[in-house]
Amino acid sequence: MNIKNILIEVEKGRISAEDALSKINADKTEDLGFVKIDHARKQRCGFPEVVYGENKTPQQIKLILNELFAKNGYALATRVSSIAYDEIKNEIKNAEYDELSSTLMLGCYPDYVPSTKEIVVVAAGTSDIGVAQEAVISAKYARAKVTSIFDVGVAGIHRLFESLEVLENAGAIIAVAGMEGALPSVIGGLVSCPVIAVPTSVGYGASFGGIAALLGMLNSCASGIGVVNIDNGFGAGILAARIVLGKDNNE
Amino acid sequence: MNIKNILIEVEKGRISAEDALSKINADKTEDLGFVKIDHARKQRCGFPEVVYGENKTPQQIKLILNELFAKNGYALATRVSSIAYDEIKNEIKNAEYDELSSTLMLGCYPDYVPSTKEIVVVAAGTSDIGVAQEAVISAKYARAKVTSIFDVGVAGIHRLFESLEVLENAGAIIAVAGMEGALPSVIGGLVSCPVIAVPTSVGYGASFGGIAALLGMLNSCASGIGVVNIDNGFGAGILAARIVLGKDNNE
Amino acid sequence: MNIKNILIEVEKGRISAEDALSKINADKTEDLGFVKIDHARKQRCGFPEVVYGENKTPQQIKLILNELFAKNGYALATRVSSIAYDEIKNEIKNAEYDELSSTLMLGCYPDYVPSTKEIVVVAAGTSDIGVAQEAVISAKYARAKVTSIFDVGVAGIHRLFESLEVLENAGAIIAVAGMEGALPSVIGGLVSCPVIAVPTSVGYGASFGGIAALLGMLNSCASGIGVVNIDNGFGAGILAARIVLGKDNNE
Amino acid sequence: MNIKNILIEVEKGRISAEDALSKINADKTEDLGFVKIDHARKQRCGFPEVVYGENKTPQQIKLILNELFAKNGYALATRVSSIAYDEIKNEIKNAEYDELSSTLMLGCYPDYVPSTKEIVVVAAGTSDIGVAQEAVISAKYARAKVTSIFDVGVAGIHRLFESLEVLENAGAIIAVAGMEGALPSVIGGLVSCPVIAVPTSVGYGASFGGIAALLGMLNSCASGIGVVNIDNGFGAGILAARIVLGKDNNE
Amino acid sequence: MNIKNILIEVEKGRISAEDALSKINADKTEDLGFVKIDHARKQRCGFPEVVYGENKTPQQIKLILNELFAKNGYALATRVSSIAYDEIKNEIKNAEYDELSSTLMLGCYPDYVPSTKEIVVVAAGTSDIGVAQEAVISAKYARAKVTSIFDVGVAGIHRLFESLEVLENAGAIIAVAGMEGALPSVIGGLVSCPVIAVPTSVGYGASFGGIAALLGMLNSCASGIGVVNIDNGFGAGILAARIVLGKDNNE
Amino acid sequence: MNIKNILIEVEKGRISAEDALSKINADKTEDLGFVKIDHARKQRCGFPEVVYGENKTPQQIKLILNELFAKNGYALATRVSSIAYDEIKNEIKNAEYDELSSTLMLGCYPDYVPSTKEIVVVAAGTSDIGVAQEAVISAKYARAKVTSIFDVGVAGIHRLFESLEVLENAGAIIAVAGMEGALPSVIGGLVSCPVIAVPTSVGYGASFGGIAALLGMLNSCASGIGVVNIDNGFGAGILAARIVLGKDNNE
Amino acid sequence: MNIKNILIEVEKGRISAEDALSKINADKTEDLGFVKIDHARKQRCGFPEVVYGENKTPQQIKLILNELFAKNGYALATRVSSIAYDEIKNEIKNAEYDELSSTLMLGCYPDYVPSTKEIVVVAAGTSDIGVAQEAVISAKYARAKVTSIFDVGVAGIHRLFESLEVLENAGAIIAVAGMEGALPSVIGGLVSCPVIAVPTSVGYGASFGGIAALLGMLNSCASGIGVVNIDNGFGAGILAARIVLGKDNNE
Amino acid sequence: MNIKNILIEVEKGRISAEDALSKINADKTEDLGFVKIDHARKQRCGFPEVVYGENKTPQQIKLILNELFAKNGYALATRVSSIAYDEIKNEIKNAEYDELSSTLMLGCYPDYVPSTKEIVVVAAGTSDIGVAQEAVISAKYARAKVTSIFDVGVAGIHRLFESLEVLENAGAIIAVAGMEGALPSVIGGLVSCPVIAVPTSVGYGASFGGIAALLGMLNSCASGIGVVNIDNGFGAGILAARIVLGKDNNE
């Protein structure tokens, strides 16, 4: 959005007003009819747009992925059902589908940014692994290095302490938990890096599809915890990557 | 409710049908106009009725307390504001008012039941102490022995482990916590006795007056936890006493 | 967690620091990749870990059950659908599947702890029986003796009074009810033992999947009632067993 | 709304179209500026409009009451605070203020309709009496005969059975309860007359200002119960009166 | 529950204490294992128990219906899916299944109680007819006379006024509406008989499965309206029948 | 509802009272049994009744559509599933089914009202297009001119600015968005025409089926925004048409 | 935001790039430290910024009002408590304070825009008048002509019909109602102009501070209704003014 | 928690088992009776404990602050009312009270950590400044450098663009907003650094004390946003400091 530079170009007579206006608006959006691809996002936010697959047809997912792949050399879609994947798997090359997290990756992950600290993704229970895995893949997509530790819920808290050293050395921790969602509170009191809490919809009855875990995390007695939406592994992965990388790495 | 014995008395001609009917209904309830005192509760439930002071006038509290004191030798009212207490303190003898928990005790606590295990009341934060203290007093009123440990929230979890031995030897644990209410989950995974979880209204924003803590406790990943209403120290104390004493002790 | 004894062993030169550290962490957790089995739970909490089947694949359930069975001689999984059971029934020996409660038991129940009082499980309606049965099986798994009384809702309250004597002699009562959930309130006023209230999701409209019953039980005008999550028969069974057994029986 | 008769009058030339239009609209509403008094309500609904005092100034209450009193010979306002009453008590004649229910009555109650059955108002706890009393007064205002029984909550259910005969003979029962609101369910299963359930805001924590009681009553396992708004003693009294009186009595 | 008379029998030596006890408890409940049929309900409440079919197997429904039919000569089940009906239709005689309301009737309706006023069932929209029909059948089952008026929502309010005379002559009105549920408020201001409001789950988005309609009805600015649970046509029908019949008619 | 004119006719003896009464009630409603078609709606509200298809059978939809088509020359049904459409497509002529928005149109749209400003329908994401399309079709049905702009969510806000000129010239803007629903707030601060906000159920977790978007729109910091129900494209289209057309155009 | 014209100026060398940038950003915002006054709003949205007084100190309100008055010749603040007004009334000239709606007007209202239709503000009850009055004043501030009709709730629906002609001629109707909020539904079915529904917090119990009315209005069975936030008379007034005026009038 | 090193010390005979145990537990917690000060927190989490003043007496606040000040040379308390401050201001030295944010600082802020990027705190409205200021002070307390931009809500979105360059260069952005809480969504789409969203309780009606803003932020269509509790400026400040500093800086 370097409007000042464009104005100087106009002032110096190097480009016309008409061209300047195009330049201001152009190269940002590509219109596929049902979607306007935001190609400027990588420049603005540090990584290319990711396709949210939930309400899109397999063909729509395929089209946008291909478009992004052509532009960037890799592309990612989340919430792609195995049924949707089956329909398009023969039409996309270089694709890797992860059933656990319902993510679909085109091309290789970009290289890790060297000399940044690792992200540690911690999941409380076996059922939380799918969401945790979405976080792992999303963070790797944004060029971060990721480690994961699963099934360390607070009801058997010694399991968490066994991994204490890994936690203490993390650049950012993503704590994924359903039910009462107490894991981020315990971790938050043990480390000094930022903690991202991801409530999951795992539970029943008064868990209300993840509300109990969400409220638990928002009200944590530990300070310095940022919460994302229920089951939002993607958002947590991106936020963690933004934290460990910093802007300069995105050039 | 020994209706069979009464019927036998009638059959043997020892009492009339009219008297039998009175006997069935009598001695259970005393009518003060605005209240029917349930004198049979001690026999049925193991401890005399306790006065819930919140919506009663000071005079009403005084009247019922005196009535219960005359019958049992001791009496307890909860949720008595200091203003209410000031108004009646000159008119009641043998009274002890605890400002922290807003409870008013008439007469001495009954003797502890010997050879029962202790109840341990644990509070997560300084602000939870009032509710915890209501639990302590209520349990003592029901003839239980009580110890308390305050300010051991999960954000500094080593504070809890310092008291691990006391917790492991308890007959029942009352865990009092506001905010995310994670304390009972952690304790529940460390001990084998029953754990009673008391959510408090301590917190702000999305704690919604204790709902976050309540939901956290209901969805605990630790098993064997019973939850009471928000701020209900009284109910927790009575339930813990029922647990450690058993029925036979109430004769 | 006998860290003191381990330290003495080190001090006396009997074991090395390295071994001591292993000893502190070891023997507690077994890692199957997707799950860390908490073998120390029986020692800490009095009964082996129980498999929560809801979000696990049949193969995962089978693997964990076998592992627990090998260690303890018996094992239990709850929320196992009949479809999941069909898939694994030929691969597990000594298994008994209870369709009503969706529980799967491997091996025989451990012996009852002698000389403890019975748990009485009471269900308000025919539709609440599945949850009640989960409570029965869970309590038996934790070595308690259990009796059950079904279909005694408060709209025909004489049905409850017919069982009054059984209720008065219980060591703990589990009251299971959907809709308005009034059953624990009525029972709580009739007995002196602890009452565990289990709201069920039975109902429609403003029952909101069990919220009405849950709120009713949390706000009971009877004192000494502990509430568990909606449909959580398992948690109620374990809590009741913790109550009637006491810690000493778990050695 | 006898539009047909008015049309016949026009047809027969007895009245002009202009007059007919006035006749259709007139005599129904009186405009005091801030309020349009609905004088036709007595004819349509069987009793004169009642003033809801909550958001009105004392002067507004006084003006409307006087207007209604002049028209009907008696008038009622609910939710009149004692402060509001103090401000106007010297300016209204024949007024009786009931502090318990915050109602203000002008003139005498109209005569009971003879040969109708009694309404029985039952309150679960001492704190519910204010709402119950509002029901009593409202029903009497609508010409019904009323009896009341207070403090018969389900935690001491024998207190309710002591009044069983009165309940069985009622023309309609109003059951007032806060907390878990179980009273109407128990009563509904014991009688054959209509039961009106009034949840009150009595309680704390998860009672959510009466929501727990409201949900309990809406989900009652007893059939034939109609529920009114939280603390709405007035509405219950009017509904009960409509039930016992029937339309014919309103002529 | 004529305990006094039984006591007199004992006193006079006509029956033994043992027999008296049996007499008090007997003839009320029939135990089919999964259900205790409450045969005393007709005497207590004026109509035989009705089977709530939602969580019962077709075989359970059939068994209870047959039991009730044998005792009373007619029997009713609500919320019987057409699939359940298909499974048992060859095994039950005299059955009539109403698909619209999912009710299953055995035998003929009992005769109307003569000289009582009619119940008028009014439904706001086409989609509300199923619930309305459940009310119609339930009321007829309880011996009341019923008329119905469908599709008269407030957005075309002249449709309601066309039926004003029928409404004004009703003994009780059942107003069934989803969406904003305004119909009972408008009707309540036009008539003097009791109005029973039935919110339905018809609607979408912020109707929240009927909550919007339920709240609208509870907060009606018209007085004298009793509300039942969402989609509870059955409860409304029974309540209306209780209103128009009175107890004496049920002998 | 020109009752005055009818009265004058009666007064002048031109029509009888009986006829007048018919005239007042007639021509407004057509009774198909399960539905009363409100033919007077076009006169009162400016466009013919639209069929809400969600809870109607395909046959019911067909019948009402045909009735409306016969009367007005065009007819519209919303929320018609493709399954329902398949069942009736051979029985209705001149029908056009739009799968995206599940709408079914009979006959041609009526002519645009000339010289009125355009409605601009803006959708935040690809998944919101279905609801947006329902708004487009509904507004055209009510004779308005409509333009649409899709996929301009606030996370790439430059996409919105590219269409600023179109927005500034609109007669009314319909802003459709799920998730956080921020689009109407941003638009509301950029234009001077009325903005209609349509929350959609697009999202997951704490979006609660559109509640998050609904609340966001109701609390917009921009002034002059009217909100409709979640996913209510139809209502938004009609409201926008009412705005740009004005009453006079409906004659 | 005429960026194209500015670019042309640069291109023609009439202004420098630096000046162009200033021009783009300038004249829009005035920084008072605690607030950035949005002077461009009148040009963008058709009326000057209005001060929301609720969380501002009297001095802040005064400062911003004076600033806006100096720029535009008139200024408005809403939600100014009488206490706040008392503190600043001697320091502001030309001020008129309306206690009913808590609004504070500086200078005269701008002239009505001639030849536009009137806005009609309708309030259901006496207690809704304050919110209705806020709508009246806000609409007049935005240069619209306004009429108001108070106390025409649906429980006495004839009162509404008395004003039918005024409603039918309105350019836009604002319907203000608390409790069940049914008024807009009834009006929406009677007229063809846009209807703006304003729920108020008037009510008690299950009205939940206006939620019942809000939901009722969002779920209205009448089409073409736009809803604003609870008690948001201001927003309704501005929206209605936007509707009747159109953009062209704002130049 | 360097348990390994302590074990080696024991092994080497340098310290006794008893001393080792003390060492493990000691130096972490200081017991003031009502509170256990967590002195180990600075080492674990990077900054000393902060006093949450809301439910503490002025004397309690003073005692803990002094204790922390003595240990660390500076100390901070949040949510200290001006009344509480007045009571203790003469007893604490080096104190600075910030009325806007209700924070109380003892001693000077610690030095900024050099060469880290700035935190930018952005507030949407004037009323959000108090919460924003709490974030500013908390972040500075944790040694971060902070800039703030106030009153840049999305309804006048050009105000935000004026500060775009500052936002693009931030190390972390804290976006504070009430009402619909759209600000973080717009910012999240413009920058590549982590964004922390703070919902505030500013708003009325359907803002529900900040729930609307909270939900808006959790459902943001921009990715990489972490949300904290309503009004939790403190938590946001600490999280932002954790992000820009990294662990190594805390030694």
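To keep things simple, chains are lettered A, B, C, D, E, F, G and H as they appear, and every chain counts its residues starting from 1.
To be clear about the criterion, a residue touches a chain if its C-beta (ideal position, glycine included) is under 8 Å from a C-beta of that chain, and two chains touch if they have at least 3 such contacts.
In this text the structure is predicted, and so the values were computed from the model without any measurement.
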* Asked: Of the pairs A-H, A-G or D-G, which has an interface that repeats that of D-F (more than half of the contact pairs shared)?
  -> A-G
* Structure fact -> Computed over C-alpha atoms, the centroid farthest from that of chain D is that of chain A
* Calculate how many whole Å lie between the centre of chain G and the centre of chain H, each centre taken as the average of the chain's C-alpha atoms. => 38
* **Centroid spacing, where centroids are CA-atom means, of chain E and chain H in whole angstrom** => 59
* To do: State, to the nearest whole Å, the distance from the C-alpha centre of chain A to the C-alpha centre of chain B.
  => 49
* Cα centroid separation between chain C and chain F, in whole Å? -> 54
* Structure fact -> In chain E, the residues touching two or more other chains are 1, 41, 155-156, 188-190, 205-207, 211, 214, 218-219, 223, 229-230
* Structure fact -> A full list of chain pairs that touch reads A-B, A-C, A-F, A-G, A-H, B-C, B-D, B-E, B-H, C-D, C-E, C-H, D-E, D-F, D-G, E-F, E-G, F-G, F-H, G-H
* Structure fact -> chain H residues touching chain A in their complex are 1, 41, 44-46, 50, 117, 164, 168-169, 171, 188-194, 196, 214, 218-219, 223-230, 234-235, 238-239, 241-243, 246-247, 250
* Using the touch definition up top, name the residues of chain F that touch chain H in the complex. => 124-125, 153-157, 179-182, 185-186, 188-190, 203, 205-208, 211-213, 215-223
* Which residues, counting only chain H, touch chain C once they are in their complex? -> 3-4, 7-8, 10-11, 13, 16-17, 20-21, 24
* Asked: Which of the residues in chain D come into contact with chain B in the complex?
  -> 126-127, 129, 150-152, 155-156, 158-159, 161-162, 202, 204-207
* So in the complex, which bits of chain B are touching chain D? -> 1, 25, 28-29, 34-36, 38, 40-41, 54-56, 60, 199, 201, 209-211, 214, 229-232
